[in-house]
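Letters A, B, C, D, E and F mark the chains in the order given here, with residues in each chain numbered from 1 onward.
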Amino acid sequence: MSEVAGRLAVQEGAHYLGRAYGGRGILLSGVPGVPHGNVAILGAGTVGLNAAKAALGLGADVSLLDVNLDRLRHADDVFSGRVITIASNAFNIEQAVRRADLLVGGVLVAGARAPRLVSEALVQRMKPGAVIVDVAVDQGGCVETIRPTTLLEPVYTLHGVLHYGVTNMPALVPRTSTYALTNATLPYALDLARKGPVRAVRESAELARGVNLWRGRVVYPAVAAAVGEKPLPLDDLR
Amino acid sequence: MSEVAGRLAVQEGAHYLGRAYGGRGILLSGVPGVPHGNVAILGAGTVGLNAAKAALGLGADVSLLDVNLDRLRHADDVFSGRVITIASNAFNIEQAVRRADLLVGGVLVAGARAPRLVSEALVQRMKPGAVIVDVAVDQGGCVETIRPTTLLEPVYTLHGVLHYGVTNMPALVPRTSTYALTNATLPYALDLARKGPVRAVRESAELARGVNLWRGRVVYPAVAAAVGEKPLPLDDLR
Amino acid sequence: MSEVAGRLAVQEGAHYLGRAYGGRGILLSGVPGVPHGNVAILGAGTVGLNAAKAALGLGADVSLLDVNLDRLRHADDVFSGRVITIASNAFNIEQAVRRADLLVGGVLVAGARAPRLVSEALVQRMKPGAVIVDVAVDQGGCVETIRPTTLLEPVYTLHGVLHYGVTNMPALVPRTSTYALTNATLPYALDLARKGPVRAVRESAELARGVNLWRGRVVYPAVAAAVGEKPLPLDDLR
Amino acid sequence: MSEVAGRLAVQEGAHYLGRAYGGRGILLSGVPGVPHGNVAILGAGTVGLNAAKAALGLGADVSLLDVNLDRLRHADDVFSGRVITIASNAFNIEQAVRRADLLVGGVLVAGARAPRLVSEALVQRMKPGAVIVDVAVDQGGCVETIRPTTLLEPVYTLHGVLHYGVTNMPALVPRTSTYALTNATLPYALDLARKGPVRAVRESAELARGVNLWRGRVVYPAVAAAVGEKPLPLDDLR
Amino acid sequence: MSEVAGRLAVQEGAHYLGRAYGGRGILLSGVPGVPHGNVAILGAGTVGLNAAKAALGLGADVSLLDVNLDRLRHADDVFSGRVITIASNAFNIEQAVRRADLLVGGVLVAGARAPRLVSEALVQRMKPGAVIVDVAVDQGGCVETIRPTTLLEPVYTLHGVLHYGVTNMPALVPRTSTYALTNATLPYALDLARKGPVRAVRESAELARGVNLWRGRVVYPAVAAAVGEKPLPLDDLR
Amino acid sequence: MSEVAGRLAVQEGAHYLGRAYGGRGILLSGVPGVPHGNVAILGAGTVGLNAAKAALGLGADVSLLDVNLDRLRHADDVFSGRVITIASNAFNIEQAVRRADLLVGGVLVAGARAPRLVSEALVQRMKPGAVIVDVAVDQGGCVETIRPTTLLEPVYTLHGVLHYGVTNMPALVPRTSTYALTNATLPYALDLARKGPVRAVRESAELARGVNLWRGRVVYPAVAAAVGEKPLPLDDLR
C-alpha cells in the first residue's frame, strides 16, 4: 500500500497546485522556457521512492532527503542520478522545504510515531500556495501542522499552504489497491481453504503470527498481557 | 498553451480516475503485480505529444492515434518506441476508446471545428468510470458528448463516464502559463516600446499582421469586408 | 546459462513468428501506426528477466508473471516500469497466454519438475500462429504440450501453435556460452592446477561439494545412500 | 516497408549467427563477462536507423556508417550517443566490415542501382561465420557477393560468410506489413470510393501522378515516350 | 567544430572547478547525499546543446537559456525534459549566472560580434571560485570580462572567478578534430582530384563560393570591392 | 570517498587526454562521424562503477573488468547493458589495456596491497598518449609503473603514457568531499554532543569500536598488544 500512497501523493499534490484549488498555480513539468516545479520528499523508503518516481515522471525537479546514506545511494542508482539526494538534517530540511512547491512527507517508522521533521514555524516560511501531502498522517505526520482529512474533504489551508492529510490514500484507487492487496493475501486464503485452518496455521509461521485465540487460549502476547493470562506459545500450535 | 493543456489533461484525468470523484478507482501506473491503466490519446500534435509525455511519466500504457503517419513516426522516435502508435480510423478508434481508462481528445484544426471522432454511442460503450478530457472543447470537441465546463465545476458524468470539458485549462496554472505567454510575447512588447508603434509595425511582419486599423484606414481584410471597405494592403504600412 | 537461454528464447521466438516458418507473420516491434506484438513471460527469475530485456529491446509489449511479488518489484525497478508485471494465478495466466503472440516459459525450480502452468486446453485457445518457447523443457516444461526438440529440428506445430522445445539452447551460440562457462569455472581449474587436488579441495567449500569419491571413500551423500555406505563427512576432507 | 525491412534484417541476422545455421555461434548481447557482438550497418537512412534500433535493443555494439554527416548527427541524437557513427569511406568501411559479426547493407538510392561498397575481396576477409543481410539486394545490393534468395531458402554460404539475400523481406511478417501498407494507402482508396475516380484524381496530386491512361490518352510520360505519343499534361486532368 | 568545443567547454570547466586550480572545489555530479553542481549555458545552438549533453552526462544540474523558444523545445525533446530550459532575458540571465558553478558562453552569431550578455558587474556577483568558459571568445565573447587565452595558459582569475578563454578549443583534441574536419572536407578534395579544379568548381556551388580569383579575375565580392573591381559573377564560372 | 574518486578519475583523465597536456588529443565522446574514445576500468566495485557512470556520461566506449561475475551482472543491470563487462584474467586485461585511451585502476582490497594487474611491459604496449589514472595508488597501485603524485604536479609521462597518481583525489573537490564526509560523521558527533561521551559510547557499537583508551585502560586490541597490556573488552564499556 506504500507504493500506491507514494505515487498518489504526487498525483494529488500536482492537482492541488492548480490555482482553482488554492495552490500556487504551477505545472510541475514547466514547459520549454519556464522552469520545472520543485518537489521535496522526506524519506527515501518505499513511499519516498514511489513518490520520486511519479514526480520525475511528471517532469518535476525532485529533492529526496533521508538520514540513511545507503538509501540515497540506492535512489541515485535507480533514478540514474536524476533526483537530487540530500542528507537529511535540520539545515538541509529547511532549505529543501522553503524551495518546495510540493512537499511529500514519507517518513514512517513501523509501529511508532512519525518523527516531526517540519515545524509550524517552517511551514509559515514555505512559498504561498505550496502543497503538503503527508503520507505519515496516520502515525501523527512528519509535518507539525498536518491533521487527518477525508477523501471527500481532502485539503485545508493553513499559513497559506495547502495541507492534504487523507489517512487512507489507497482507498482513492480501490480497483488498483484491491488487486495489490489480494496479490499479497490470496496465497494465505488459498492455504486456509485447502488445508483447513488447523493445518494451515500449524504449517505457516506467517498465519500463526496472526492468531489471537486458539481453542480457548489467548495466543497473541499483547492481548494475553492485557487480560492477565499467560499466552499460549506459538510453537505449541504445531 | 497547447503544451500546458496537453500535460494538464493527463494530470487532471489521473486525478478524476479517483473513486471519490466518480472515476474507476485506478492508479495509472499500477503497482508491481497489477497492470498499468490505459490512456488513449486522439491526435499526435502538440497537445497529444505533451499528453503522451505526461502519461508515460505517470507510468500508464499509452496509445496515440493520428491519421498522419509522419507524426506517429516522430512520436515513435521521441518516445523510443514506448507509446503504441496507431493509424487513426473508425475501427482503430473504437478499439482504443473501449480499452481506455482515460481518453484525451487532442485533435485541433487551426481556426476550424474539431472533427467529431467519438460518437455518443461509442461513449456508451466505454468502461464505467472512465474519464474523458477533451482539450478540443473550445472548438466543439472531438467527442460528441463533451460540453464546456469551468475550473470550479470541471466535470460531469454521462453514460457512466466522467467528462472534463474545461475550456481554458492553462488558467489552472497561471504562474506557469503567464511566464510561457510572456516568453512568447515579450519580444514584441519590447519592440513596440523601443521603436514606437509606427516603426515597430513597419519593421515586423508579425506585428503588421495584427493591425486592424492604421491611421483611419481598415487593414484587416475580414473587417474591411464586413464594413464594405477596401483594406489597406500590408505592404503600404512600410 | 539461464542468461543465454532467456535472451535466445525471445530472439528465436521472434524469428519463428515469421510467416514462412508457420508463425503469425508479425514483427514484435510493430512499426509506427501498427501496434507492437505481445510477449508473455512466465517466471521473473534469471530466464524471465533476460527474456524480458530482449523482448523490450525488440520493441515488444511485455507481460511478466510471477507468484513472487518481490521479484516483480525488482523487475519494475530494473525496467523502469516498462514491463507489465502481473501476479501469477490461474486467471491472470489465462488472460496473458491468450493475448500473447510469443509465450516464454521460464519457470524452473532447481532440481525439480517445472510446474505445469499452461494446460493443453489453454494452448488450444491461443492465437493461431503464436509461438511457445519453453526454456523449462528439460525439466518437463511449464506448458503441457511441449516436448523436447533439437537444434536441427527445433519446432513443431500443435493446435495451430508453434512449439520450440530445444533442450540445450545455449549450444546454439557456443562461442558466447563457452566464454560464459569458462568465466565461471576457470577460477576452480586454476585453483586445482596451482594447489593440486588435495589442497584445493580442502580449502574450497565449492570444490568439496563436488567430490564424489575421496581416497576410496564415498563422499557424496546420495551416492553413499545408494550403495549402502556411510558417507565421509565433508569436514573430514580438510 | 523500409522500417519493417531494417528491423527484420537484424532479427534474422541474429538468428543466423546461431551455430546450427552455420553462423559464428554468438549471442549479439553477450552476457555479463562476455563482450557484445558487433553489428555494422551501411547507410543511416530509414533502413539503417531501424536496423540500428533493433541491434541496440538486442544489446549489440553498433557501428553506423554514412557519407552524410547530418544523418549521422541525427542518429547520434536519436540514440543518445549509443551507436558509433562513422564517416563512410573506403578505409572506414574496411575496418568496420572486418570487425562485424553481422553486416547490414542498407544503402538504397531511389530508382538507381545501390552503390557497391563491399567487394568480394573484403568479404573474404570477414570473420568466419559472420552474417551479411543486404536489404539493398533488389537494387543489386551494396555487397558484391550478394544474390537474391527466397523466404524458403534465405541463406547461402560464400567464403565462409552467410549471405541473406531475401528480396521481399516484409513478406515474412505479412500481418504487420499489410497493416503498415494499408495505413499508407487506405486514405486514397477511401477518396476514390467517396468521390468516384474522376473527381478523386482531379483533386489529388498524388493520385494524378499514378494515372497511366486517361480517357484514351496516355498520361504517364515514360509510357507516352515509349509509344511515341505526346503525354496529356497532369494539369489537364483537372 | 562547434560540437567539439561545446563538449570540451564542460569537460575543461569541470576540471578547473578543482580547488587546486583555483575553482570552487566541487564535483559537478555531487555524490549521493550532496547536491549536484549547476551548469548554466547561454545559447541553445550547436555549442550549447553539446555542452548540455556533456554536463548532463557528468551528472550536473543544467540550465539552458536562449531567446528562441523553438530551440528550447528541441532541447526539451532531445534531453527528455532533463535540462531546465529558460527563456533568455536580463532577469533570467542574472538569476542563472548567480546560481552557476560553471557558466558556458555559447551564443555565436555567424560573422558578427557575439552579444554581450553578462556584464562585469554580474561577474562580480558570481559565486567565488565559479568558472566561466566562453566559447564565443573569438567573436568578442558573450561575457564582458573574457579575453583570449592559449592552451598553455588557459585560465586567469578576475573578481574571484576563473575565466577560460582559449580561442581554438578543438586544437586541444587534434586527433578527434582532424577526423571531424576531414569528414567534412574530404568529399571536396576528392572532387577536385577527380575532376580537376575547373570542372569541380563549375559543378559544385559550395566550391564556387570559396573561389577568390578565377583566371585573373576577382570573384569574391568583398575582395573585388576592396580593390575597386567588378567581381566576376559566380554563374559565369560555369 | 570512493564515489568521489571514481568520478574524478574519469574527469581528470579526460582532461589529460588533451594534446596540450601530453595526451593523445582525443575527445572521449567523439563527435558524429568520429568514433568514441575507449575507457578501460579495472574493478567493478564502488570506484569502478562510479568511474563507469562518469565515462558513459562523457560518451565514451566503456569496458569494465572484474573477477567477480556478480558484480559484472550488477553493472550490466545498473547501466542497462551499455558498458562492456569482461571477466578479468591476464588475456582479457591485456586486450583491454592495449585498446584503452584512458585506463582507470580501481581494484582496492580493504587493508591490503592492491593486486598488480598491469605490468610495466604492458604499459609499454599501450597507445602513445594514453592516460592512466590509478585510484589504488595509496595501496601500491594496480599498475606497476604508477607512483604517488600531488594535486600540484599530478602527472608524469613514462613509456609515452601519462600517469596520474594523486593519492588523495577527493581533496581536489573539498566542498563536495567535506559535505560527503560530514553526512557520514555528523550523526556520531551529534550523538556525542547530546548524550555526553560516556553514554554515547556505551550505546553505540560504532563509536565503541573507535575508542583507544577508556578511563586509563587500553581498549583497542592492536594498541594493547603493542604495549603488552590486556585490552579492556568492548562489552565492559557498556
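In the analysis below, a residue touches a chain if its C-beta (ideal position, glycine included) is under 8 Å from a C-beta of that chain, and two chains touch if they have at least 3 such contacts.
Values in this document were obtained by computation on a predicted structure and should not be read as measured data.
Q: Spelling it out: a chain qualifies if it touches chain B and also touches chain D; which chains qualify?
A: Shared contacts of chain B and chain D: C, E.
Q: Could you pull out the chain whose C-alpha mean position is farthest off from that of chain E?
A: C
Q: Quick one: chain A and chain C, Cα centre-to-centre, how many Å?
A: Result: the chain centres lie 37 Å from each other.
Q: Please tell me the distance, in whole Å, between the geometric centres of chain C and chain D computed from their C-alpha atoms.
A: Their C-alpha centroids are separated by 34 Å.
Q: Provide the C-alpha centroid distance between chain C and chain E, rounded to the nearest whole angstrom.
A: Measuring from centre to centre gives 52 Å for this pair.
Q: Indicate the residues of chain B shared as contacts by at least two other chains.
A: 29-30, 32-34, 53, 59, 69, 81, 87, 179, 183
Q: Between which chains is there touch?
A: Final set of chain pairs in contact is A-B, A-C, A-E, A-F, B-C, B-D, B-E, C-D, C-F, D-E, D-F, E-F.
Q: Where on chain D is chain C touching in the complex?
A: Answer in residue numbers: 3-4, 7-8, 11-12, 14-15, 17-20, 24-27, 29-34, 53-54, 56-59, 151-152, 171-177, 179-180, 183.
Q: Provide the residue numbers of chain E that touch chain A in the complex, in ascending order.
A: Listed in rising order, the residues are 29-30, 32-36, 59, 61, 63, 69, 72-73, 75-76, 81-82, 84-87.
Q: In their complex, what parts of chain E are in touch with chain D?
A: So the residues of chain E in touch with chain D come to 53, 78, 179, 182-184, 186-187.
Q: So in the complex, the part of chain E that touches chain B is made up of which residues?
A: Checking each residue of chain E against chain B gives 67, 69, 77, 81, 87, 89.
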